Amino acid sequence: MNAAPVATIGGTPESMQPLLYLDGISVSFDGFKALNGLSLVLDPGEMRAVIGPNGAGKTTMMDVITGKTRPDSGKAMFREADLTQLDEAEIAALGIGRKFQKPTVFEMHSVFDNLLLALKADRRPSRVLFASTRAIERERADGILEMVRLTGMRGRMAGELSHGQKQWLEIGILLAQEPELLLVDEPAAGMTDAETEQTTELLRRINETRSVIVVEHDMTFVRALAVKVTVLHEGSVLAEGSLEHVSNDPRVIEVYLGR
Amino acid sequence: MISARLGLYGSLLVAAVPLALTIAVGLLSLLPADSALHVPGYVVTLLGKYLAYALLALSVDLVWGYVGILSLGHGAFFALGGYAMGMYLMRQIGTRGVYGDPVLPDFMVFLNWQELPWYWYGFDHFAFAALMIVLVPGALAFVFGYLAFRSRVSGVYLSIITQALTFALMLAFFRNDMGFGGNNGLTDFKDLLGANLQAGSTKAGLLIATGAFLSFFFLVCRHLTQSRFGKVLIAIRDAESRTRFLGYRVERYKLLVFTFSAMMAGIGGALYVPQIGIINPSEFEPANSIEAVIWVAVGGRGTLVGSMVGAVIVNFAKTVLTGTFPEIWLFVLGGLFIFVTLFMPRGIVGLFTGLRTWRSQPAKVRKQLTGRALEAGE
Amino acid sequence: AEETIKVGILHSLSGTMAISETTLKDVMLMLIDEQNKKGGLLGKKLEAVVVDPASDWPLFAEKAKQLLEVDKVAAVFGCWTSVSRKSVLPVFEQNNGILFYPVQYEGEESSRNVFYTGAAPNQQAIPAVDYLMNEEGVERWVLEGTDYVYPRTTNKILEAYLKAKGVAAEDIMINYTPFGFSDWQTEVAAIKKFGSAGKKTAVVSTINGDANVPFYKELGNQGIKATDIPVVAFSVGEEELAGLDTAPLVGHLAAWNYFMSADTPENAEFIAKWHAFIKNEKRVTNDPMEAHYIGFNMWVKAVEAAGTTETDAVIDSMVGVAVPNLSGGYSAMLPNHHITKPVLIGEIQGDGQFNTVWETSGLVPGDEWSDYLEGSKDLISDWRAPLSCGNFNAATGKCMGTVTQ
Amino acid sequence: MLMLERIGLRYGAAAVLKGVSLEAEIGKITCLLGRNGVGKTSLLRAIVGHHPIADGKIIWQAKDIGGLKPFERARLGIAYVPQGREIFPLLTVQENLETGFAVLPRGQRRVPAEIFDLFPVLATMLRRRGGDLSGGQQQQLALARALVMRPKLLLLDEPTEGIQPSIIKNIGRVISLISRSGDMTILLVEQYFDFARELADRIAVMDRGEIVLQGAASSLDSAEIRRRITV
Amino acid sequence: MRRWVSGLLLLCAILPALAGGRLARADEIDDAIAGFAGNFAEVEQAIGALAATDDAVAPKILEALADGRLRIGPDHSLYIEDAKGALVEARTGAAADPPGKLKPVKVNNRVRRAVEAAMGQLTLLSPDPGQRMNAADTLFRSPDPGRLPALEQALAEETDARVKALLEQARAAILLMVPETPDADKIAAVETLAARGDQAARVLLGTAAEKSSGEIAAAANAALKSIDRELAFWSGVQSVYYGLSLGSVLLLAAIGLAITFGVMGVINMAHGEMVMLGAYTTFVVQDLIRNAAPGLFDYSLLIALPLAFLVAGAAGVAIERGIIRFLYGRPLETLLATFGLSLVLQQAVRSVFGPSNREVGNPSWMSGAVDVGGLVLTYNRLWIIVFSMMVFALLILLLRKTALGLQMRAVTQNRRMAASMGIRTDAVDSLTFGLGSGVAGVAGVALSQIENVSPNLGQSYIIDSFMVVVFGGVGNLWGTLVGAVSLGIANKLLEPVAGAVLGKIAVLILLVLFIQRRPRGLFPIKGRAVET
């Protein structure tokens, strides 16, 4: 299917090693192919928007990258590491962080503790056992709180947050992890237009030092990001290019944007 | 949470209680019997039993309250620790057994065992036995946990296989061919480290030792749960998979805590046996493990203090009720369990310390505080 | 309040053993009641102290302690399972109390503080096997038991005994099942198969408690009749049969020291009193109840003889005391703290009663250390001064490690 | 007609709604806007009875329903599309839809064909478990499930979240269609301003548990609204 | 030779007796009867002598003896007590006025066997084919060469094919025993026995093979081999059947739990007590029937079934309304409350019905066994298998095909949202819990047929029930079915090899290992649906 070497599609120089390399990934559930020979290459420092109809396989793709779902076939490499051989924790340790489509936070921990747990640190039990929270960590956590505008909720249990607030907290958790690659599933869902703009800002800033894959249905948001767009459909890539380019593709209009 | 509110000094205070209490009771029991302050031996043994149970309850609370592992087989670790101690005590009997065999315990003599099975070797040394008291439960928990956590067995599935484990052990220890005394278990103990077990001073010493261990482990558990480590544990309890995505190797955390908790339970069992004077396979009965869980729930899950309080209160109630209302005590005890569940959702401790903060909790969180939802919807 | 003599009753009223033990509590209450009607003991009324050790062995020890230390009872009547007895034994020895133990057991124990009023193995198992061998011409044996100490020991003794009588090893099948076992299909089929080898076969059952009902139901349903393969049981009495339709079981056997059907005036009176006390004409009596009857009367006599309830004095005056049993003879307390008993073999009848088909001509003294076990055949027990030893080795002439101390 | 009179709602000690009064007319779409955490969801939860109110009255069809149980409210024709979808994860799509039958008389218990016109993907996935669907598919299912009940009052909490643009457009069309053609009252909570603006007959803006702006859609100034819903 | 003669004599004696009853010489009978006063050996002899008299009263006396209705007076005169307790003179059948205190004639197994044999001899030509069959069977099991002529005579007259076959087998057994039998007949006999093919035939053939040589031994050995093969096959099938039967018991015990726990998520420690309530309902029903309408006894279970469902179901509804409904969303606490409840219920039953076992009888259609090929199928187990499958099928239909089933599942998956769909959640909750409990009660009716009816009944099943449900996969009724049956079969296949105790341990360990492989049971629900 789409197994052709994809490295050239992005126009990256051959010499440069891609950060993330998905090739011919297929995943099926009880016979239904959620991913069907999906290939995608992400360069270091790149931000990529992924769009596509509901059920196209965007979330499943993230599941594969983060080790939640094992692909039936295909290759998934993060630099030299073969993602299909690692479990969630190991992949996270490699530097891949994720925000889920449905916000998931530690409801029984305070907002602040949520961030504290996410801060980049040695995660081995033996280390954690004797770790004490240093001032610098507090500062970082508080900084992130400020950034996601939850300072007022610092001591509240995360379970008490509204839907939108949880979205923000999850973004905060992602930031705290300082991952090299951020996978962001629908960050603008449930946000007001103004908040969406701020999110755009935030992602841009992050992208200065890190790579990002973002999934979103909000075209205004995607447009504002102004990055290369990959359109998924039925588990494989339908189109790729600038938003301008793909949104004029009749197939994309047909299956996704509508008339 | 509650012990979080206790703060460091509060916790130290709590930790001091078992130790102080046992020292006091232990010393008072040594006074002459006609002294007004004399504590009868009966009370010493009872208290010792309660506190040994409290240690078991503490170990259950650590895994259940903080990591969400509802172990219905912790009694097995308790019993294994008890058996290790029992084997040492058996070997101490020496030629004072009824058949006077210098090596073989009585039950082996009368069932015609010719020689001591290999797994009894070494138990004549206290150091070895002490090692086994933590090692055997620990190793079992490690192997079991390694397999279970690696393949991500969780929830009721884990609960039920822990139950299967203790049930299988019970059947195995019931077998006379196993060489652990079958149904009658190990009994007729004479002395421990050279001290006569029947002597008042030995009993007092054992009691104080139990109190000391309990205090010590309470503090250790407090540290485990209050530190960053404890926060990770609670995160695992509430959202295991999310924790993984943050890069925590969940199975290692679980394994560590589970194994540690099993060792703690083993020590509890080892302290229990010389005070009670018998260890037999009924300690492995699934119902016993369930009871331990219930002590924790009655006292207040996830509070450490609650588990100890629950163990003491439930067992104290049992002592009193079986003596005073032998015909209806089950109604009272069963009723108590129902009452606590319905009207004290955070257990006895929750009633005292958490009342104010509790009321201010939003309903949803309140629910979560008292138990994780099995169902997808809630 | 006037001064009373307290008597402890240590039987499970809840849990798995309540099924057997509750009756014993009731019978004790009745006996105490009767005694009080007769004016009490040493001019004082008797007062029963009932506790519930709840089929929980450590709780037995705890309750025993409570009875002795807190309630300061003069004697305790209690326990059923061996392990409960083992659990309380140190308590009685340390606190110098008196325990009357009313159930048949595996022997291999003798304590100064315990009086064993149930049967020792030689008072039940061996006569039963003799009967089957002589009367029914049995040549092949299935020893079917629950896996715990009593069946293990009994079967060990029986195996040795049978072999001594010339039974070949392949004519003995031994099988154990867990407590509360309920699916007997495989075992019963195996018995059937073992029994169809052309030689007369019998089953010696040491199956315990709850497992019996499903066992007999399966026997009945698989059509094993007593005339084909008789089963002789040591733990099945009237009380157990009350839960069963006995019509298909007619002719299977039990060996005890008492049957409710015993045709003696003492027994008739006992049953009448029991029915009046429990207010239910259908309730049955059984062997352990008789054991308590004997034990209690012995204790009363010993206390009267000693003139005090003080433990040492009572223990000393116990040996030699003889009281009527319910089968029409006198049972006496032996120096080894076991008693003399008649051994009866009964066949189950359609009405759930036993029909005595054989009995020993005289009384059989209880033998605590079995003559058929290697380790214990040289041991004897005699609690009278000057020997006062529970495990005196007749071969070496030494009192081995003692249980007391 | 739905009338909310000075609704107060609290989570424990925290008062989240403070005297919210709002009306939603039959055949009209009322749109509720507001930033994160101001209490929009809480208000809907109060109406369907998922959370008790501390003060005020909820009047639906001239009846105070504040004391009724949630299922009784549903039987009065109130359907709810919650935030976060809350579909029944282990029921199949078909079964999820059939849960809506509980309020229908025996003769009407079928899934209207229009639902599959609106959400074609559901028709192809009738046997799949609800929980296995993708986020957007679940959201569509939640909408469809509410429509199966043939409600008189439809409460929508950010119904477009996670749904692809073409279907959002469809949903918009359908919502306005059913509200105008029939006698359905619709209360819509939205963050997606353009969508709301386009559909709404009335707009209300909430802030910190209070309605701070309310009126006919045509009479309100977009910029004013935008200002109210930005920080 | 003497035996032959006496056999012939006997034959001559029996024929007229059956034709109308011969009057034996009075002193003959008196001599015989005198033995009934003696010990068992003498009684046994007396039976033989009495049978030999062929007097018409002999069968009556023997029957009375076997039933324990024979009384003997101090003067050795015999009386029979009839069903109503009235005494008749044994020999004359006249109402009697006994001269002194009567004693029952004691019976033991030895006496019973003698009576059986004597009756067999007296009934070989009985008009009742059932009795003839018994007689033939008795003959087969204790082959006596002296009876050969009688046997052959009976064989000649026999019309019933089944009785005939049995008679032929008995004849073969006798022929093999008698050294004088011609070789050809012996080989024919070997074949007859080989065709019978059971353990008893195997024993006879075994002795034949040992005792003879040459052709006969070879034939016998060949027959032995084929029987062994057959027996091995049947014992394998039998084990599987036992497993199936155990599995159906486990299924019954667990299936209610599959609803309260599997569907509703309530860790219902009082489940066993619901089973117990069902069993006690059966007891009460039978007790009433025994006292009021003994004729209905065979229907007692059919009456008890709906009642048990109602009693346990009502208890379930009460528990749900009173306790469980406050605990939704706190499933672990249901463990605590229902554990308390189970203590209370047990003690309540103990107070009302007493602590000991209560008798629940098998109706006649659930007693005994039927032979199918080499299988022995006991009726009670057979019915339980059928019954459990019926209960299972009904439940599956209810859960999958009815609106109530859908609502039950919806409510437990998301109670709040279900309510907003217009589902009466509290009613559905009560009904679901009531249903689970009711089914447990129904299980109790079935279990009362094979188990103790005691306050501990529930306890003995609770652990197994949880294991079955979890092994099959929580929330999956089919899983419960397959789980129960496979646990049952595994148990029964291991039991003959490892013994009951080790077998059970092995099953538990296998279960633990299995869960490691499949952490969500046999039939896990996979996919996102469970992860979120």
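Residue numbering begins at 1 within each chain, and the chains themselves are lettered A, B, C, D and E in the order written.
Definition applied: a residue touches a chain if its C-beta (ideal position, glycine included) is under 8 Å from a C-beta of that chain, and two chains touch if they have at least 3 such contacts.
Quick caveat, the model's predicted, so the values are computed rather than measured.
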Between C-E and A-D, the pair with more C-beta contacts:
C-E
Please indicate which chain is farthest from chain D, where distance is taken between mean Cα coordinates of the chains.
C
Work out per-chain C-alpha centres and flag the one nearest the whole-protein C-alpha centre.
B
Rounded Å distance between chain A and chain E, as computed from the means of their C-alpha atoms:
66
So the centre of each chain is just the mean of its C-alpha atoms; given that, what is the distance between chain B and chain D in Å?
52
Would you kindly tell me how far, in whole Å, the mean C-alpha position of chain C lies from that of chain B?
35
Which residue numbers or ranges of chain A touch two or more of the other chains?
29, 102, 160
Specify, in ascending order, the residues of chain B that touch 2 or more different other chains.
171, 174-175, 241, 327, 330, 362, 364, 376-377
Specify, in ascending order, the residues of chain C that touch 2 or more different other chains.
13-14, 147, 178
Which positions of chain D touch chain A when the two form their complex?
11, 33, 35-37, 41, 83-84, 121, 128, 132-137, 139-140, 158, 161-170, 191-193, 226, 229-231
Chain E contacts chain B in the complex at 265, 267, 269, 323, 326-337, 339-344, 346-348, 351, 412-418, 459, 463, 466-467, 470, 474, 501-502, 504-505, 508-509, 511-513, 515-517, 519-521, 529-532
Touching chain D in the complex, chain E uses residues 403, 406-407, 409-410, 413-414, 416-426, 475, 525, 527-530, 532
Can you tell me which positions in chain E touch chain C when the two form their complex?
40, 68, 106-110, 112-113, 116, 199-200, 203-204, 206-207, 238-239, 242, 245-246, 249, 346-347, 350, 354-359, 361-362, 367-369, 376, 378-381, 449-456, 459-460, 491-492, 495-496, 499-501, 504
Residue numbers on chain A that touch chain D, as the complex places them
29, 32, 52-56, 58-60, 101-102, 149, 160-165, 167-168, 186, 189-195, 217-219, 255-259
